[in-house]
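Here the chain labels run A, B, C and D in written order, and each chain numbers its own residues starting at 1.
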Amino acid sequence: MKIEIKSMKDLPMLPKTLETTIGVYNTGAWRSAKPILHEDKCNKCYICWKFCPEPCIRIKDDKGNEITPKIDYFYCKGCGICANECPKKAIEMVMEA
Amino acid sequence: MIEIRFHGRGGQGAVIASNILADAAFREGMEVQAFPYFGVERRGAPVTAFTRIDTKPIRIRSEIKEPNIVVVLDESLLSAVNVTNGLKPNGLVLINTAKNPEDFKHLKAKIATVDAKSIAVNNKLGSKTAPIVNTAILGAFAKATGLVKLETVMECARDGTPVKKDENANAVKEAYEQTKM
Amino acid sequence: MGKLTIPEEEYMLEGHMGCLGCGGTLAMRYLLKGLGKDTILSIPACCWAIMMGSFPYTNLKVPMHNSAFEVTGAAISGIEAALKVKGKEHINVVGFAGDGGTIDIGFQALSGCVERGHNVFYVCYDNEAYMNTGIQRSGSTPVGAWTTTTPVGKTGDWKKAPKKNAVEIMVAHKIPYTATASVAYPEDYIKKVLKGKETKGPKYYQVLSPCPTGWKYPPEKTVEIGRLAVQTCIYPLYEVVNGRYNITFKPAKKKPVKEYFELQGRFRHLPEKVIEEIQQSVDKDWEILQRKVEMTKDL
Amino acid sequence: MSTTSIEKTEKHTTTTKTGVKKVMHGNYAASYGAKVARAEVIAAYPITPQSQVVEKIAEFTSSGEMKAQYIKVESEQSAMAALITASQTGARTFTATSAHGLTLMHELLMWASGARLPIVMVNVNRAMAPPWSVWAEHTDSIAQRDTGWMQFYCETSQEILDTIIQCYKVCEQEDIMLPALINEDAFYLSHTVEPVEVPHQELVDKYLPPFNPKPELTLNPDHPAVFGSLSKPDEWYPEFRWMIHEAMERAKKRIKDADSEFGKIFGRSYGGLLDLYKCDDAEVVLMCAGTLASTTREAIDELRNEGKKVGLARIRTFRPFPVEDIRALAEKVQAIGVMDRCFTFGYEGPFFTEVKGALYHANNKPKLKGYITGMGGRDVDVQLVKKIFADMYKVKDGKQDAETVWVDLKADVNNMNAWLKVR
């Protein structure tokens, strides 16, 4: 998660990372098209989850139950692989505003 | 000296736009300099590019912090980036948008708008999901600022783009005509 | 795992610098699903050297060494030796490099490492050119391809020299295990990684990782193109275990190379005659591969 | 003049009597330099931020516009190895690289000078990893100080192009025969677009004769010989090294001559070894290399308007080092500040060390101070240079708190552009 290095004193002694990218880079801001999943057409085969290069498609809720895939738009770059690979054509790419 | 900052996304041609503008000003007798924000470009990631135009040779070798003009190639950047950061008093902001200048009063600057995205799509520049708007926006730049002539920008758009030269020149002309101020 | 066909745990996190539809990210994601937590990566100059984000962030849940461009083979040898001396040989030592970093500038170090027999993985994510520096030709660029240093132009200056076959070079090193893989077939890829975990000594993987920017196709087609490469037998999926060849995926109906080329701008300039020549060359290689399987099946 | 308008000068023609002017990157200026200098063998490997150089050359050679063999080698080590033998076989050779590519060539750089081969190479100055950095810094080329290569630092893209031509002119002279490294700052030149004149080919051909070394000094079956054989301590090894020294000293004048002769034909020259700007009556002079000099000229003009007598002495050649020119400058200046965009760990900035060393035997010893700036490509703007000049005025007046300071460091929360004392 995001950390703030205020000065040299906050730096590690040698160049190594301190945190993961979770919550840091809003790569979702990169997309010009957005994948919209139509639940009625989805059979929860999770092929979209399998091929997502981010990966940012969630297939379980926080209690661990399988859910209809939920796309995390904070990270989704809108590459469209999920839409292209979905066997049920349940994911539609919609141009952003 | 006039300092211009371009905001776009990787693949939208912001860097090429800054170069074509420099070429056009040069062909009209100006001294010029253009350079990208020296970061790691990635398709879709925010990109910044700069152009300086002057009557005498340009020697400054550092980023533009107080631009006279800001050009926004992708409207969605308005929420991601503070495009008017450092803009000089009554500087100009040119935005690629279907909306009108009045819709951007909150930016507290002179506003010009043009729907460069539809112009690019109509002229088959880039793909539908990733249109290349850099030449169109320069047509609007010529109209909004008068710094460079339409014909020069069309000529430079033709020379500065690897493919679809006529479509790019045409996009410049259409944007010039459709610029709202 | 329920209905999932690959392990669910993620060791490569979201929010990285990969371009839209980057094949190289899938090559890493699936690899780490197979290897798991106890893994140390060494990565040279390549797209992946900046993919995980810049300081102070990383999108990898495993430790990683950034190395110079030409030394991946030597770097993993050093890690393996130190782990051996420290009695930590359960940790997977993995070199993960691009095609240029593997078969051009890094070839000497790779060859030495494999010849010495270090117990390491070497995974080459093959996007068939120097993408991080802006799409220049590499020894792994296929015949016919446009790059910025095989610019085609009016003189038809596309890549003429044949793509180096790293897997066959590894076989010539008498490597215990080597295999090809494609990001379009993650089950096949991960199965081979798990086999590697059971094999002592050097393991080499060549993973086709399509690149939208460099191959000039819309980002949503990455997996489709990765599949077509296999279905056209341009990039057959096979493994070589101590010299014995085994094809791990046979396309029901072999598709023409034309179908693969049509989706990619980097081949758009090719005249029919050249496409036909490439088709014949692909057919010949596919025939040779099948004979190798026959020749070595009961060794 | 409103914020967004400018008075237009007359439209100047892009074709002049000396060349055709175009707006281009510094990297393309390097490719055009190799082209008009008629380089015959190029061996190059891509690296950020140099890749456009090799891409443009691929375009030229692929289209036939440039009659050269372009070997697309598999590493920078092989790039230099291939050029060593190509040059030894009598061809004019060129390549371009940067940072890790240059350092991977280190062993072969020694080979090229030892074999007395006039190879010309453009290096895009870039910081060394780790951490990874693709931005401007001079550490990579300074680390080649002892390889026997001449070193030039360019301030503009035009200077890159012109210096390539001038270097072939100097390096290929019979009693010089040494290689030259031409440096351009990453991004500030390599990726910055500005007007550059591509000289007319016939004028370049008039200025720069073809490379034809004596046949017996090349790999030539008509003159069979072995190049680089063993030389025992009491035989001739040191003497071959002394001859390189002689050639390097001889080169000082040849570089100045080549620069002025170039000026006569093309109307442009670059101050030979040490490029002086407003130093005649200067009390305080700043010395630096590369694009730091451009920003310094801006600062000088502003300070001159405020009545401050300040000047710039731009180090154009780091090797051969302009000792005599620096001593001459020291005669009439009270204080010299040296801005280094690199640092020698365990001591100080290398440019500062060399300037200080050169002045030890000078008659007049001005006050000296070193400034470490712009490491890792950090932006050095006019304000910072003016602050350095202000600091130099204190040094001139005897108030010197440090020999060297490292400026613009993010030291701690309340001091994010700290000046930390090195010594």
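Everything below uses one rule, namely that contacts are C-beta pairs under 8 Å (C-beta built on N, C-alpha and C of every residue); 3 or more make two chains touch, one makes a residue touch a chain.
Predicted, not measured: the structure shown is a model, and the values here were computed from it.
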item: Chain located farthest away, centre of chain B as origin (C-alpha); value: C
item: Pair exhibiting more inter-chain C-beta contacts, A-B or A-D; value: A-B
item: Intercentroid distance (Cα basis), chain D paired with chain B, Å; value: 34
item: Inter-centroid spacing, chain D versus chain A (mean Cα positions, whole Å); value: 46
item: Distance between chain centroids, defined by C-alpha means - chain C, chain D (Å); value: 40
item: Junction residues of chain A, two or more chains touched; value: 15, 26-27, 30-31, 77-78, 80, 93
item: For chain D, residues contacting two or more additional chains; value: 130-131
item: Shared interface positions of chain B, touching two or more other chains; value: 10, 40, 42-45, 129
item: Overall pattern in which the protein chains touch one another (line/ring/star/complete/other); value: complete
item: Complex contact set, residues of chain B against chain D; value: 1-2, 18-19, 22-23, 26-36, 38, 40, 53-55, 58-63, 65, 68-69, 88-92, 110, 145-147
item: In the complex with chain C, residue positions of chain A that touch it; value: 3, 5, 12, 15, 17-27, 30-31, 44-46, 49-51, 53-56, 59, 66, 72, 75, 77-81, 83-85, 93
item: Residue ranges of chain D in contact with chain C within the complex; value: 45-48, 51-52, 54-55, 58-59, 62-64, 72, 74-75, 77, 100, 104, 129-132
item: List of chain C residues in touch with chain D within their complex; value: 45, 49-50, 55, 66, 68-70, 100, 104-105, 107, 130, 132-134, 136-137, 139, 148-151, 153-155, 157
item: Chain C residues touching chain A - in the complex, by the definition given at the top; value: 2-6, 8, 10, 12-18, 20-23, 25-26, 29, 52-53, 55-59, 61, 186, 212, 218-224
